[in-house]
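In what follows, a single structure is set out as structure tokens and then discussed.
The chains carry the letters A, B and C, assigned in the order they are written, with residues numbered from 1 in each.
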Amino acid sequence: MMTQNAPNAIELRRLEKSFGLAKIIQGVDLAVEKGERHAIIGPNGAGKSTLFNLITGKYEPTAGQVYLHGQDVSGLKPFQINRMGLSRSFQITNIFPKMTVFENIRCGLLWSMGYKYSFWHLVNRQRGVSERAEEILEDINMVSRRDELAGVLTYAEQRALEIGITIAGGADIIMLDEPTAGMSASETTYMVDLIRKVTQDKTLIVVEHDMGVVFDLADRISVLVYGEIIATDTPQAVRENQTVQEAYLGSALEELH
Amino acid sequence: MSEQNTSMAKSSASAQPLVPIKSALPWLAAIAFLLFLPVVFPSGAALTIMNQMAMTIIFALAYNMLLGQAGMLSFGHAVYMGLGGFFCMHLLNQVEYNELYLPLPLLPVFGGLFGLFFAFLIGSFSTRRAGTVFAMISLGVGELIAACSIIIVVFFGGEEGVSGDRTMGPEVFGFDFASQQEVYYLTAIWLILAALGMYLFSRTPIGRIANAVRDNEERAEFLGYSQRNVRWISFCASGFFCGIAGALFAINFEILTEENLNLATSGSILLITFLGGVGFFIGPVIGAVVFTLLQTVLSLYTEIWQLYLGILFVLTVMFFPAGLTGLLAMHLRPWKLGKIGLLANPYAKMLAPALVLVGSGVALMEILFHARHASLGEEEMNLFGITFNSQDWLPTIVVVAIGAGAFYLVRLLAPQVKEAWDMANHAEGQ
Amino acid sequence: MSLFIVNILDGLVTGLLLFMLCSGLTLIFSMMGVLNFAHASFYMLGAYFGYQISTYVGFWPGLILAPIIVGFIGAAVERYGLRRVHKFGHVPELIFTFGLALLIEEVVQYFWGKSQMAFEAPGVLKFAAFSIAGNAFPAYKVFMIFIAMGVFLVLLYILTKTRIGMIIQAALSYPETVQNLGHNVPMIFMGVFGVGTAMAAIAGVIAGPVLGTFPGMAVLLGSIVFVTIVIGGLGSLWGALVASLLIGWLQTFAAAYNLRMADLLVAIGLTEPVDVAQSMLSDLWTLTLPQVGPILPYLLMIIVLVIRPNGLLGKRET
């Protein structure tokens, strides 16, 4: 399968997005290799979430392209992009509140396990699906909450469930939007371990504010400021980068100490 | 890779017993009940009402596949039942005049297919959006087809509608379906088949994903599902079962008119489904039974029964959005905790004043209505067995006084009920 | 040609009347996200109140008082009904207003019965304003045009030139921000709902004498109103105006020109069958434009939606 020049998991070429007159993303180039853990950081309003929404198909780019495994996916719908092996989580918890935890996970499994729009299978009878869902529940440590309605879980539990739904389909590119936002220090540590565990051997792209998490998790970091990537490098190099220091990181690192 | 998973899932499915006894039990009970019913109520009028109920149940369940399961509010759903019915009526006429070979019990299959066809066609543009836009398009399409029924006389028969004769087909096991009883059993069998079909549909992957799209359409899109396709498929499935109900209507009444397509019919199925409760599979069933009974009984006794239904509906939306079934389901927790007994006493105490309060409200409305609309020389009216002159002030004053007394008692007893309710819902050690 | 001008004017009357309902509905929808299914019922209440008041003190006080009363009823419905249902979501809100529409129709029948009321235009306006080649144009219709235009201009002035209009416009796009700025958004909602329903009532009072005051008047106009705002684009005031006029003219012209389908079919080279009545396609041959008139708005809606799913001028995602 693997050719000599395996295409990048994700590649952005001169990607632009405007809302009305406001140009939020101004020509972003980025390549994320297969199996890499890539973090995107930047000040508030830099366009991190917009960039996420462009890659995952929620927004259509104004100009430029998004490539997934070397295939142009610009302008495709979220479900089409998801079917090509990309799954994402959301900054604001985005689960199915009136369904149980187990059912939430199962929803994430059905398409990828080939059931699609089937009306000739009974879901409860599909042992393969149930077993896989139970495994994921175990992975995210929520077996005991299996039959609770997702809407009544605690915030941290909902965030973990969000990750569970995201990875359930077995996508090989996982994009997480601020997975530790609003969490306490201990919850954050737990979450980082969880992310590391469930994204093993996968490509991970994460937007994060917590610099501790970023430097802990990422192989490479891109710094997004005012819709432009001003640096993409290893954590060490980014930390020492003069431009990054001035534009953003100086103040962010101070917060960390 | 996904192919492999599917086959794996299939092979593992066969390892389980075919039907677990526990989940088959309610269905067996329902079948026994339906078999038994005509023995208790053998009269023609009762059979007609029961057939009416059965059709309404199928229609309401099919409607709830949209409203409850997929979160789609339709104001024009009579169209799919009606069109299914009209096509079946024409099929019956083909059987009668052109010797088409079609046993009557199979007619609902064709009704379903016609419903499915139109749902597919109209759904292709109406399901692109959910919520308000879908609701408005369904209204527009419903009005369009209802209006067409007056223009396209060849198909819809104009104002007289289309009629036919169900008995002209081949006999099936010696039945020619001339008697009400035979039609009842035919309807009952289709009721069970359709209800089971819809129940099973809700447990398929598409049925579960319809729930997911209802709860959070954006998230479902990021799990590989096109929200539009999920809605479209749900819509088609609903259209299919509506068509079955339409075919049964054709068989039962042997006539279809514009009334089967119009906004009033579409509206009443929304009312029925919502009253019953959209959150539960059984909800529309309860709604259909209660509504049909209410309609039959109330319309016998009062001219303003639709006003009462309107009030009941608005109060339900405001105070019990989970409907009658939701009201019953609220008591499941006290029941499981073994504390349902705590509620018996306060409920019993509340019953009399609450009934008097409702009764005096009804009396007031009836008196005012009579006073306003009775023709000259007919000032006498009869209410709850008492005859009096509606133009006098005295009855109104008496009714208001009784109502005020009952209201006071209800207010007085309310805290007790509330307290008992809290107690009954409180698990030990929490 | 002269008939054409008369129809243009008649269509304008219908269109502007539609727009009086559509504008209030659109305003309420854009602010609260609720499509008020009972909007046409408030129009009906306006007509009935207008009639009832006119029997005591004449038409003109009715034109002022009825909308005020209906406006207060509307505000009360928002305050005690909608606000309660709001927390359950948009679909229950829509179901609530649907139930309200049913209830109002029943209440109207409870008080006034099923037959049409003898609601008549005021005597001072019972003359022909002008006539075009023998077709008299009643003064009352001229009056309707002026009232509708007047209401629209006042609305436009309030929305664009006054402080409260600015707040409403801001609340349309950024309700949270407006709330955070210390404005009482629930109060604004109640006010907008009241004003919207009062506008529907004005339409009811002036339309009652022309289109008839009877219990079915809400349903008759209601469906067309919803179709109109879908065509115009949900939430777009200008879209509502364009669609209202379009439908006004469409219906008027369809009713006025007795085109036969048969003529059209012959014109494209088909021959009319001898025994039309026996043919399966008899409806196709005997159809006339006035017959088809009532369904044209619905057809237009489907065509518009297939081409532009968001309506003519709509862009708001719901």
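Here, contacts are C-beta pairs under 8 Å (C-beta built on N, C-alpha and C of every residue); 3 or more make two chains touch, one makes a residue touch a chain.
In this text the structure is predicted, and so the values were computed from the model without any measurement.
Annotation: omitting subunit B yields the touching groups A | C among the remaining chains. Comparing the CA-atom centres of all chains against that of subunit A, the greatest distance is found for C. In terms of Cα centroid distance from the overall Cα mean, chain B ranks first.
One finds 44 Å separating the Cα centroids of subunit A and subunit B. With centres set at the average Cα position, the gap from subunit B to subunit C is 31 Å.
Averaging C-alpha coordinates per chain places the centre of subunit A 48 Å away from that of subunit C. Subunit B contributes residues 67, 71, 73, 75, 125-126, 128-129, 131-133, 135-137, 139-141, 143-144, 147-148, 151-155, 263, 267, 270-271, 274, 304, 306-307, 310-311, 313-314, 317-318, 321, 365, 369, 372-373 to its touches with subunit C in the complex.
Within the complex formed with subunit B, the residues of subunit C that make contact are 29, 33, 35, 81, 84-85, 88, 90-92, 94-96, 98-100, 102-103, 105-107, 109-111, 113, 219, 223, 226-227, 229-230, 234, 280-283, 287, 291-292, 294-295, 298-299, 301-302, 305-306, 309, 318.
Subunit A contributes residues 56, 58, 77-79, 82-83, 87-88, 90, 94-99, 103, 106-108, 110-129, 165, 169 to its touches with subunit B in the complex.
Within the complex formed with subunit A, the subunit B residues making contact are 2-3, 5-6, 8-10, 12-13, 15-16, 200-201, 203-209, 211-212, 215-216, 218-227, 229-230, 233, 237.
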